[in-house]
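The block underneath contains the structure these notes are about, expressed in structure tokens.
Letters are used for the chains, namely A, B, C and D, taken in the order the chains are written, and counting of residues starts over at 1 for each.
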């Protein structure tokens, strides 16, 4: 396949042009606009798939990449500077997979939105944002450098702001959107610091250049703010991930993101936005490794995974459960990065995107059906649901599959990816004691995940309806293509076989199907030494793919290990796999006992751990800490103080003060006079004037003889001074 | 010395022609006056576009083609000398653009229309003069003349406390500029001693290039470096205009009290004159001192960024908030100047332009709102909401506001980002700590704007906002060029960067010699 | 000898003509009874006469300098230019007195006669080339001024002003004379050229002995200029005198004093040495003090007249800065300053006077909202105020620029800084009046009688130079450059 | 032998007396007299210097003029004092303190 402008850019231009056109037309011709958005997305999906096909079915080589550059702007001045900023497109296996996933999910979410948002007053506008949002993510994936990553990254921040604040009549939406934007922006600022650090060191922010610089050792021996430069840069970039991917301690924004319409939650939580953070960390993995912060990353990931899972235990809002599960799963991905499970982390990103998109859409489907006739709003509270599987069987099936996937049941995608992460964590733990805690937290979180997901399932779909009135008003699910098709497609992709190559774990072979561990084969850590002499060509020139020879890669899971190590690793992986299965089942069992059978009363647990329960309900008080502690008690009073200082003190005394100084001298002059001659014939008009006149008399007291004295004193003074 | 084109003359005097025309129109024909002013500014804008088209971006320094030179005062070797280079061209274009938009925005002014528009055009001419002068004396004259219309425009058409604000603005700036005056005259007298110049001169270009590096002067029995001493003088003069902390306190007053159009001009153009002064005068003439004081400039820039942002956050008056945000944003320009690298300087000049457009949008929007509400409280002093639910009530307005707001906070894709990124890139290597801290200023910048937006636009429409009407055609019309500018230059900054990069590079290489 | 005198007289026409006018006016005054006809005739004679003086002076501006009356006076372009300024100031003051209500109707003609007398004193001072002429000039100037100060003879304040003025004048002229006598004793001559020649032959000890004498001499001149600390009389006198008198005082005696100070400095201290150092040292301190005290005092004033009076003190300080540099460029800048200052002050006093006549006082508040009633006058007043503060492109700025360039050409950086900072301070109170006129609401819409068409056009005519000199000052520069001081050799 | 220094001493004495009178006396007429004393001390100086040091007429002319001008000054001064007295009915200098800052 030829990589030209025409074959890559439509991915981006599809949704982008739809966005631009829609700005102008969507209000008047809503249907056309919506169609345009979906069509743009389809174009994007089509071209993404072409690339995906070329990379995965065509070249099938780990080293294959396409890099295209075109100039953006430059500051070239003869003899002074040669500085130029180029944009570019960098395609390798990872971005090809990512592109397909993003475009696919986004397309399906677009389709679903035509169902979900149809009655909304701002139906059209929603698609405007959606298009831009997708553009941002696709652009980020296509980017060949950190700067354009940052640009699209921020663009997504803006879109998430707009989408979360979509229902702007609600005060809460305003808070949530601002919170989302500000929290991620904290990470962004660090990310920008990282970009600057890298840019000034490497002289470029292209991935290939950074890899080459790492290989060349350009970072060695350099320091910034007391840290080795690589560590500093890696930490800064990772802070970007923490913000965007809602890692501890900046996880607070993501649950609030559900203020937006549910499809947009699906987009934020699955394909875009949060995925971007992990994607960035994966791209910058060599730097993280060089900076030696992988342990730190593992801890952050594990803490997030565990902490969010615990909070999810007590949520009653269906979307909130999903939101915390997202944070938790993102924690897994970050944990994966931390323990060196590069491949698995990325796979979890993809699998999670698929099943989480599906979960959210399904949740949306549920919520959309549950219409409260009293408040005229949708119902999201699980305590009011129950027994819905009869009313909406298709949604139920979709959601069940996804729950299996996320809980890590065998055969489903979540098992494939999560198990590998946990396995690698276990391997790391056996090698270094520092990793025991992340590994332990990871396994615990897996148990919790299974538990809270099944809790959600049981509460929603099983048992008796708890709000009879609501239940009765709920329509039986009618098949509609734009509601069920996306769910169906996504459900199909929750199967693990799409990713592992073996639909039945390798035990059952389907005849006629070649079983390839394509994912594990194609995605591997960037090997920086390969980039020492890279070649990037501007658009328009002949593609370099032809003159480079890429060998078809073979699956070799042990290529990083010696034989002895490989044995050990296999053993640990096997233990990990069985443990995960056991844990998933245990989670299901507890949830079953509690919420389906009612054998164990959750209330007792609540009472027993009431302190913890409260802490969990308050999300470990992070919001309180940030909003009340830091913002309301710290920053705002400080700002007010500063502002008052600025206008009250600074301005009054330092600036208006010059007049006061004048008056001061003026008064001193008067006062001196009062010492020399006492006051006679004060012509005061009022008490105050009199008072000041008595105290502060001038030289200019009107007494001519005093003037004479001054005259002579000064003159004698001059003479005395000069002679 | 004269170039082939009289374009600069034409641009400079066109508004004065407008002033004359307006003075001749009878007071009662208010619409005639408005249309004359509008017509005049549009012609001026067209002329600046012609200038832009004819401009040759490859020439470093002044474009001989456009030079205008007439002897003025032979005794002092003062000349009426105009020129344009890559640094002044964006400013000239920005000026003419903003002025023509502001005429539209002042359409509703009803108090002595004649005086308003006459002064307004007078202001435009003097601003052009500042950006075009190549003679220090001429520069100074325009620099000061500009204060007079400004004083009246704030003082007559301003808000409640306008008198105080006008006087403060005037005195502050006057204070700074007289220091500059001393520096200017001192330079004149030492310039003859320099073999490169040979004669007493006010010619900025002749004096540029670090020719006064080795001079010293005696003050109170101490030998002080001439260039450092007068750099500080000029620094204060320009810093007040920028405004750099601690010389910034006139700005909130002036902005809050000034009528909308004047706020726009003040923030959009006049503040840029300060940084332009650095680029045109302080840096080229005293490069060595500039390098010597770069640390101070950088720290002051940082203080501006953070302090301005923190103060902005505490404001309950929208306009004051935006005024402080200008303080913060001009801090970025100062940072870029302190960097003295290609990226930083280009970023600074670009930021001057971009801040001009984005902050103009903000002020125009606040003005539009003010016309409806007649107050500007986000939260009233008694704690009640001043605005609420504007998003629902004024959808078009809100969209434009969002664009302006995000442009102002430097969202990629909108104009502020590239300039800020360039500035940071330029300054990072030299001042890592400052960069990191300044980036937090950026963070706070987002915080106060979003917080303001949340408080004013989200939620239910409060009772008093229900009567507000959305933007009308005129308002949309004058906002649209700015929207286009903000978006286009955010995506594709080359049209501006191209004209200025060679000139800026010239300056950077000069400074590099002394680094 | 007789030929010599005849030649001298031919160079002395302006002064003689002025004397003739003065005497003639006395005659007219005494011959006619009080009628409108007399008034017309009287003023016609005054203005036509002064116009002749003016024309004569203008014509002689380009003539080569010469010493007349056995070297006791010099007629050089410098003195001629100073005289031109004084004549213009006098004419304007007389016109103002004619229109003003502050001068009693019956005394208006006397005012004209006396101001012409003061002007003659100033003329003598401007061309004085020996100590006697300086003394005679100062006394002529002073004695008539005493009378002018107490012109509102029924008013206690006015007569008190005259009293103070005369007593202060007495002591300072006495001190000056005492200094002069010792200078004469040490150097053996009262002629400037001879004194100058003698000065350079003195020993260090003798120089040191002379210094007190010079300081005493300076005290006399300083009193006339009203520079700090010899300014004490000025605020009281300015306040007590009628407004036209104040206007007159802030121009003619000041310019004359400045001329003689300049001449003395150039003649006696033109050469570098211990004398020059101490003289310049005193002058620079005095100049800085004068400016600052004048400005700071002006800030607190309620009355516009007093504000203008104080500001005239600070302007005198500014002009003295030009003396400090002791060079051609300083002379030039002072002359330039005087010319611009003349017009600015006149316009300011004219407008103030008419407003004050309307209300009976000249407090700042009386100017409130003037723009609503008299926009043109407001614009003129604003222009003048900005000009006084030194805003470009008005002539006040150019004048200050000249002074500044004189200072900086001799590298007096600190003085220059003091000078410019003072102009910031001055801007504050000048702006106050603009603020009131433009920004405030109008007190009443009643017309102000003084602002008739003629007066308005006169004020506008006088404002034209304020603007034009600010923009096209090359010609005036040329004029002042030509008007160098003739040292009498 | 009467030398120059004797004259100078006398004139200085007179000068100091004049100053003292001007400062110390409260009677306006007396103050005017003080002025006269000062002027006369100057006249003595001029004459003495001419007599002992310079043999030209400058000093004499000076002193003549001093006498004339002193008279004129005294005349105007007295006129003003009379005016003041008519209004204020006092010639006490401390009554002339209407004008002050």
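To be clear about the criterion, contacts are C-beta pairs under 8 Å (C-beta built on N, C-alpha and C of every residue); 3 or more make two chains touch, one makes a residue touch a chain.
Given the structure is predicted, the values throughout are model-derived calculations rather than measurements.
A.B. asks: Using the touch rule from the top, work out which pair, B-C or A-B, shares more C-beta pairs.
C.D. replies: Comparing B-C with A-B, the pair joined by more C-beta contacts is A-B.
A.B. asks: Which chain lies at the heart of the structure, taking centres as C-alpha averages?
C.D. replies: Central by C-alpha mean position: chain B.
A.B. asks: Nearest whole angstrom, what separates the Cα centre of subunit B from the Cα centre of subunit C?
C.D. replies: 43
A.B. asks: Could you tell me the distance, in whole angstrom, between the mean C-alpha positions of subunit A and subunit B?
C.D. replies: 36
A.B. asks: So the centre of each chain is just the mean of its C-alpha atoms; given that, what is the distance between subunit C and subunit D in Å?
C.D. replies: 26
A.B. asks: Quick one: report the Å distance separating subunit A from subunit D, using the average Cα coordinate of each chain.
C.D. replies: 96
A.B. asks: Do you know which subunit A residues sit against two or more other chains?
C.D. replies: 699-700, 702, 704, 708
A.B. asks: Could you list which residues of subunit C touch at least two other chains?
C.D. replies: Within subunit C, the residues that touch at least two other chains are 163-164, 167, 171, 175, 235-236, 297, 428.
A.B. asks: Counting only residues that touch at least 2 other chains, which ones in subunit D make the list?
C.D. replies: 19, 22, 31, 96, 98-101
A.B. asks: In the complex, go through subunit D and note every residue touching subunit C.
C.D. replies: Touching subunit C: residues 11, 15, 18-19, 22, 28, 31-32, 34-35, 38-39, 41-42, 45-46, 48-49, 53-54, 56, 58-59, 61-62, 65-66, 69, 72-73, 76-77, 79-81, 83-84, 87-88, 96, 98-101 of subunit D.
A.B. asks: Under the stated contact criterion, what part of subunit B meets subunit C in this complex?
C.D. replies: Contacts found on subunit B: 72-76, 140-141, 144-145, 147-148, 151-152, 155-156, 162-163, 166-167, 170-171, 174-175, 178-179, 181-182, 185-186, 188-189, 217-220, 229.
A.B. asks: Would you tell me which residues of subunit C are touching subunit D in their complex?
C.D. replies: So the residues of subunit C touching subunit D come out as 131-132, 135-136, 139, 142-143, 146-147, 150, 153-157, 159-164, 166-167, 169-171, 173-175, 177-178, 180-182, 184-185, 188-191, 235-237, 239-240, 297.
A.B. asks: For a test of understanding, state which residues of subunit C touch subunit A in their complex under the given definition.
C.D. replies: 163-164, 167-168, 171-172, 175, 208, 211-212, 215-216, 219, 229-230, 232-233, 235-236, 278, 281-282, 296-297, 299-300, 425, 428
A.B. asks: For subunit B, which residues count as touching subunit A in their complex?
C.D. replies: The touching residues are 60, 168, 172, 246, 249-250, 252, 307, 310-311, 313-315, 342-343, 346, 389, 391-392, 402, 406, 411-413, 417-418, 421-422, 424-425, 428-429, 432-433, 435-436, 439-440, 442-443, 446-447, 450-451, 453-454, 457-461, 492-494, 497, 501-502, 504-506, 508-509, 512.
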